[in-house]
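Two complexes, one shared chain (subunit A), two partners (subunit B, subunit C).
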Partner chain A sequence: MITSPRKHIIVSVTAIVLAVVVAAVLATVLGTASERVLTVFFISLIAVVGMGVYSGNSGILTFGHLSFMAIGAYAASLLTLPAQLKIATLPKLPEWLATTEMGLLPATLIAVLLTCAVALLIGLAIGKLEGSAAVISTLGLLIIVHGIAIGWRDVTRGSQTFFGIPREASLWVAAIGVIIALIVARLYRDSISGLRLRAGRENAIAASAVGVRIRRERLISFVLSAALMALSGALIAHFLGAISPKKFYFTDTFLLLAMLIVGGMTTVTGAITGAVTITIVIEVLRRFEGGFTLAGWDMPAIFGTTQIGIGLIILFAMFRKPDGLAGLKEWEERLFPGRPGTKAAPDIAQSAKAEPLTATGMTMQFGGLVAVNDVALTLNPGEITGLIGPNGSGKTTLMNMLSGVLVPTKGRFYQGTTELSGLVSHEIANRGIARTFQNIRLFDTLSVYQNVLVAALSTNGGKNAHGRAQAALTRMGVADHADEDAGTLSYGDQRRVEIARALACQPSLLFLDEPAAGMNRDETDNLTETLRALTRDLGLGILLVDHDLKLINQLCDRIAVLNEGHLIAEGTPQDIRNNPVVIEAYLGPNRQD
Partner chain B sequence: MKKTLLASTMVVAAALAGPVSAEALKIGLATAQTGGLAGYDGPVIEGLHIAVDEINAAGGINGKIMIELIEKDVRSDAAQTAIAVQELADEGVSVLVLPCDADPSLAAIGTVTTAQIPAISTCASSPTLPMIGGDYMFANFPGDNVQATVSAEWAWAQGHKSAYIIYSPDTQYTTMPLYFADVFSALGGTMMGQDTHTIGQQDFSAIATRIAALNPQPDVIMTSSYEPDFPSMLKALRAAGVTAQVIGSDGIDSPTTFSLGDVGEGVVFSTAGHATEGSPLADFNAKYEAVTGNASETVFNAVGYDLVVVVAEAVKAAGGSTDPVAIRDAMAELENVRGATSLITYKGTNGMPVREVTLIRVKNGARELVGQPSPTASLIPPARMQ
Partner chain C sequence: MDLLLQQTVNAFALGGTYALLALGLAVVFSIMGLINFAHGELMTIAGYTLMYCGIAGVSFMLAVPLAIAMAMIAAVLMERIAFRPVRNSSGATMLVTSFAVSMILQVLFQNLISTRSQAVILPAILSQSVTIGGLVIGVNKIAAIVATIVMLIFLDIFMKRQKTGIAMRAAAEDFNIARLMGIRANTVIAGAFALSGMLAGVAAVLWVSQRSSVDPHMGFLPVVKAFIAAILGGLGSLRGAVAGGFLLGFIEIYLAAFLPPGLQEFRDPIGLSIVVAILLFRPNGLIPAASLKSEKV
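Presenting the complex of A and B:
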């Protein structure tokens, strides 16, 4: 379930428990006021990591998560509110609810489950949205739930105070809550689902092409984060004893978001750093707000200093640390780099689906432009097929259609006798067709190993994923870079990692879109050798798009030529070199060979 | 170097702790200096400062007990109020001042009750607040039910026999007309119906048409809605041909109400005070202008002044004690304390003060005093929990 080294998890969990317990003990020693500050801090931190579970891993900023906090708060409060008070203040409650009165623990559990159910429905609805639409939809969620909380007077008392909630959320209750929340968030980040989601955050198209079902992973994290928000909501309600809808609206949304953004969305370390930083700044500044005397100088009271302080920190963070104070790595990942060695890497297993891919009538129309027009192509296992043509002739479009990135306007393609047309990219990846991209699409902030591991985990049911990942890295000669961030590698290494990632899918067919682009002659020759070995050893079929005709001629068994969307020639390199149509259309009159 | 460090640490510590004097009454302010509630708490705190400075300049309560204010901004947030109140309790304050809203005030109850420190909300008018808050929670404003009783009694005395109410269930305050209906019915009046709206609704034509269609027309229409709803509501009613007497509440005690022209003429509303010549409120307004250089624009300045007057009287009644429990007990027994806005009585109440309510009529775009009657105690409806 967990993809990161066990050591990281053990260190992290131990530190979380220790830090929370030490802080709680210290606060107890310092007195009731400190206990209260820390209790509120703990409860806020639950909400911050809750938002981080979704926003951090999916990369979609959320403004709407306080609505789950509201649902959790009201649901739990309705269950713990003394029955007598419920009858007096909420006379229109259904009888079963009015007479229910339970403890904080069962009430919180029920509230969390209810919130999960709501989040599942909402997540299914807004999960289809991408980019800024996804962000704005969360804003809509906040406003709608706020409106419901105000309007549903029979249950929530409307915008009036919902009071009389038993004050049972003591410091230690909050401490247990925050320990659970931090551990859940930390484990999720490095769970299979969390890793896939982070890959999707880095590059959605590439993640999909290695078998990741991004929407499903998003939904999982959405529901999980809603559960944490509900926990936070239930606790804050039982700390304050009185809530109203405005507690779960813009003001608190921005405060909690500020904590998350200042600290760094993508890590639990970041959430903690942000919450601690902002809380300390607030606590320091607010003590000076009321005016003070320093060395005979009377400072007047300047209220609002804390808000200005928070504003300045956010500005500082945006200018100097756009990824947040904690950056993109957990502290234990920085402190103990490395991962479990699956050093004895067996070679990549041969894919079982060694069947030819047959495409007929492939057509892609973008508005009035026909990018690919009625192309038929067969790709055989163990054979390297080159796809060439002038710029804009439809090579990448054809490859995109065959890998499910684009849905063809017309045409079908089959693997053996199984139809693949109509399948989406992650399904095609699971049928043994893997690919690389013309403009490199790596998961930049993930390590090289994680890049490849995601692919292995998301295809073939994730069987022997570590072994496959290691084997793919070794095959492509990038195993030494396994612990480095993919985005920091040289261009040539990035190309190789991308191929390794595709290999980890255990494909029977590999699509390479300009794999030699940007490589020097030595690197290209090296690549030629590697690719040849892949077909030889594994029986892999390769579809190769490149402008480097030397590479194509050396490597390919067969070449297909596209021009203006039409397949104008197909044959051995020898045939193609001598084909007058190709010479005229593509190589031109100044042919040099 | 070490000495400097020590000295500066002590200065900072002293600055944080505030000057300590043997004969001092510490009042802790956990109020909203920023955020949504600042607009309500601000004027009250301004008036409160004037009262404290005045008392201290005269040598303190009883000529010896100086008042020391410890102020904390709760940023209009309930959790911050709970924290700030705990800190103030730890600093040993004798009296707490809480925000104008029920949310944060109720969030502070736990600490208030445990620490046994009397707490006064700056201007919350919901009569449920002290009821939920318990023995240590006091309000500082005429309760909604008291205001409604005064206007209902006035309407009945004017010979009005039938009434119609328009209210918003969105907040406790805007449900004041329900109290009005209780009292008006108890007096023998006829309630001809009621309508509800949401806060910020703005379009009242449907309600106006419904009322205009009534036959006979109601004598009185009562509402506690305020800007921007009230002006729209009034215009819609008059445009539909409804000529009934309109009664409002302190929420419309703003310059807008007096600038509505013909539409606003004759509207009567209840509020906390009126500065007739030589009245304590006029004295206060003069004082305010002398201190700040500006004319007081709202009666809430005087309400803040009264808060300190009440505390000072309670301390005196407790025999000069600064013990919180003694002050609470004395405060609960205060009777006819002369404040800037009114005579104030806590005796016999649960913490919601009995104060005079002032009735104002809009006449020629100006303020006309209708009267400052005290409500009949037996008519005041009990606080509604819903």
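Presenting the complex of A and C:
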């Protein structure tokens, strides 16, 4: 389940437990005031990492997560509130709820489960939205839940204070809560689902092309993060003893978001860093808020010093460190770089589904432009097919249709007798068709190894994923770069990693879109050898688009030529070289005629 | 029937204000991908300008252009000081920057002006009403509708005929290509902010003339609504912003008028749920932005 080295997890979990316990012991020694500050800090931190589980891994900022905190808080409080008080303050509660009175632990568990169910429904609904629309929809969620909390007076007392909640959330209860939350968040980040989601955050199209179902992973993280928010809500309610809808609205949303973003939302280290920084700043500024004396000068009381302080810190962080103070990596990843040790598989296994891919009548229309017009093509296992043509002739568009990135306007394609047209990208990746992209699409902030591992984990049921990833890297000669971030590699290496990532899907058919672009002659010759070996050893079929005609001529068994969306010729390299129609498409009509 | 007509006029007035705000957000978003949380503070600045003009005895006819001008200047300054350093960052970075700006400005208003709501002196005619065909319509409502129409026509001409407007449309389709064609990034972005400031200023005048008071948080709620309107219409699409603004205005006014009293308290949640439901069927909004389709694989 966990994709990172065991060492990282052990070190991280130990550090989390130690830090929390030491802080709690220190606060107990220092007295009640520090205990209160630390308890609030712990509970806030649960919420911050909760938001981080979703926002950090998916890259979608959320404004709506405090609504889950509210649901958790009200649900748990309704269960723990003394029955007599409930009857007095909330006379219209249903009988079974009015007479229920349970301890904090079962109440919290029920509240968390309830919140998960709500989050699942909401996540299913807003999961369709992308980009900024997804962000703003969470803003809508916050307003909706706030409105319901105010309007549903029979249960929440409306905008009035909901009081009398037993104050059972002591420092140590909060400490246990925060330990659980931090460990859950840390484990999720490097779980299979978390890794897939992070790949999707870096490049959604590429992630789908290696078999990742981004929406499903997003939903998982959404529900998990809602669960942590509910935990935080239940604890804050049982710490304060009284809550109102106002507590779970914009002010606190911004405060918690500021913690997450200043620290860096992609890591647990970042969430902790941000929460500590902002809490310290608030505690310091709060003392100045009532006015103070500096070197004999009386400074006036300034209302809202803390807000201005937080605002300036955010600005500073965004100008100087847009990835947050802690950056993009966990501290233990910086300290102990590496990946899980694997027994390297001897080589990539041959894909079982060695059936030809047959496409007929493929047509793609963009508005008035017909980019690909009625093209038929057959790709055989063990054969390298070249696809050439002038710029804009529809080569990439054809490849996009055959890999599920674009839905063809017309036309169907089959693998053997199974129809593939109509399937989306990640389904096609699972049928043994893998691809690379013309403009390289790697998961830049993930390591080379993780780039390839995601592909192995998300195809063929993730069987022997580590072995397949390692074998693919070795095949492409980039195993030495495995621990580096993919975005930092040279152009040629990035192309090779992209091919390795496609190979890790264990494909029967490989689509390469200009793999030699940006490579020098030596690198291209190496690539020629590697690709030839792939078809020879594994029986892989390759569809190769490139403008390097030497590469195409050396490598291809068959060449198809597109011009202005039409297939104008198909045959052996020899045939194509002598085909007058092809010569005319490339060089223009012969003037001597 | 009368009630329906009456409410329809109200809906046009409110929807028009949302539309102007959503347009202001969309102009900036379409060009640089920034969701500007501090847009509401531009409204508040215009509102305070009106208030001070009223106190100083400046006539309303002069105060309105002054308020709009202040919002424009504030918008351009905001871009120069806060948003230029993060111009090429991710959408999340810019959004967070804008909410920090919004937070700082709100605290400044609280300290430098007042935390409480301040009355704004308005000409008496705005609070009168006229009777048209049996309908009693407030002058302020008519003013809002007329102002919205005038602004939309102005914007349409500006975007289609003016050089800067055409440059903005080009930049919204593909900023990098627009720059390669010799369009200056700083000019286009400053222009977009000035335009969004102007729209916020007009919206503020309309907003204040309905309520005749201004407070530090005045701009926050209408701008949150405008965000939602912009999403509903299709983020980054100008026509979408207008459509989304009007639709949201209609939803809110009709719910307020026709929802049974027992459910009135749930007006906002119900209204937003309707919006979400519409988005489920049209995830890219009513009129999606052109740039959405152009991502090259």
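FYI, the second predicted complex is superposed on the first by the 573 of 593 C-alpha atoms of A that agree within 3 Å, B and C clash if a C-alpha of one lies under 4 Å from a C-alpha of the other, contacts with A are read in each partner's own complex, and residues count from 1 in each chain.
Rule of thumb we're sticking to: contacts are C-beta pairs under 8 Å (C-beta built on N, C-alpha and C of every residue); 3 or more make two chains touch, one makes a residue touch a chain.
Note that the structure is predicted; figures quoted are calculated from it, not measured.
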**Message:** Once both complexes are superposed via subunit A, do subunit B and subunit C end up clashing or fitting?
**Reply:** fit
**Message:** Per the contact definition in the header, classify A:126: touching subunit B only (first), subunit C only (second), both, or neither.
**Reply:** second
**Request:** Applying the touch criterion given at the start, work out whether A:33 contacts subunit B, subunit C, both or neither, answering first, second, both or neither.
**Result:** first
**Which of subunit B and subunit C A:289 touches, first, second, both or neither** = first
**Message:** Quick one: is A:89 in contact with subunit B, with subunit C, with both, or with neither? Answer first, second, both or neither.
**Reply:** first
**First (subunit B), second (subunit C), both or neither touched by A:160** = first
**Prompt:** Touch check for A:405: first (subunit B), second (subunit C), both, or neither?
**Reply:** second
**Item:** Vertex subunit A angle, Cα centres of subunit C and subunit B, expressed to the nearest 10 degrees
**Value:** 50
**Message:** Per the contact definition in the header, classify A:335: touching subunit B only (first), subunit C only (second), both, or neither.
**Reply:** neither
**Which superposed partner A:240 touches (first subunit B, second subunit C, both, neither)** = first
**Message:** Output check: A:143 vs subunit B and subunit C. Expected answer is one of first, second, both, neither. What do you get?
**Reply:** second
**Prompt:** Which value, in Å, gives the least CA distance between subunit B and subunit C in the superposed three-chain arrangement?
**Reply:** 5
**Prompt:** In the superposed view, which residues of subunit A touch subunit B and also subunit C?
**Reply:** 150, 153, 158, 303-304, 307
**Asked** Hey, which residues of subunit A end up touching subunit B in the complex?
**Response** 31-33, 36-37, 40, 88-91, 150, 153, 157-161, 163-164, 167, 236, 239-244, 246-247, 251-252, 286-287, 289-295, 301, 303-304, 306-307
**Request:** Could you pull out which subunit C residues touch subunit A in their complex?
**Result:** 29, 33, 35, 82, 85-86, 89-93, 95-97, 99-101, 103-104, 106-108, 110-111, 115, 220, 224, 227-228, 230-231, 235, 265-269, 272-273, 275-276, 279-280, 283-285, 296-297
**Fill in**
Given the complex, residues on subunit A that touch subunit C span 59, 61, 125-126, 128-133, 135-137, 139-140, 143-145, 147-148, 150-151, 153, 158, 205, 250, 254, 257-258, 261, 302-304, 307-308, 310-312, 314-315, 318-319, 322, 396, 400, 405-406, 437-439
**subunit A partner contacts - residues on subunit B that touch it in the complex** = 8, 11-12, 14-16, 33-36, 70-73, 75-79, 82-83, 86-87, 89-90, 102-103, 106-107, 109-111, 132, 169-172, 199, 385-386
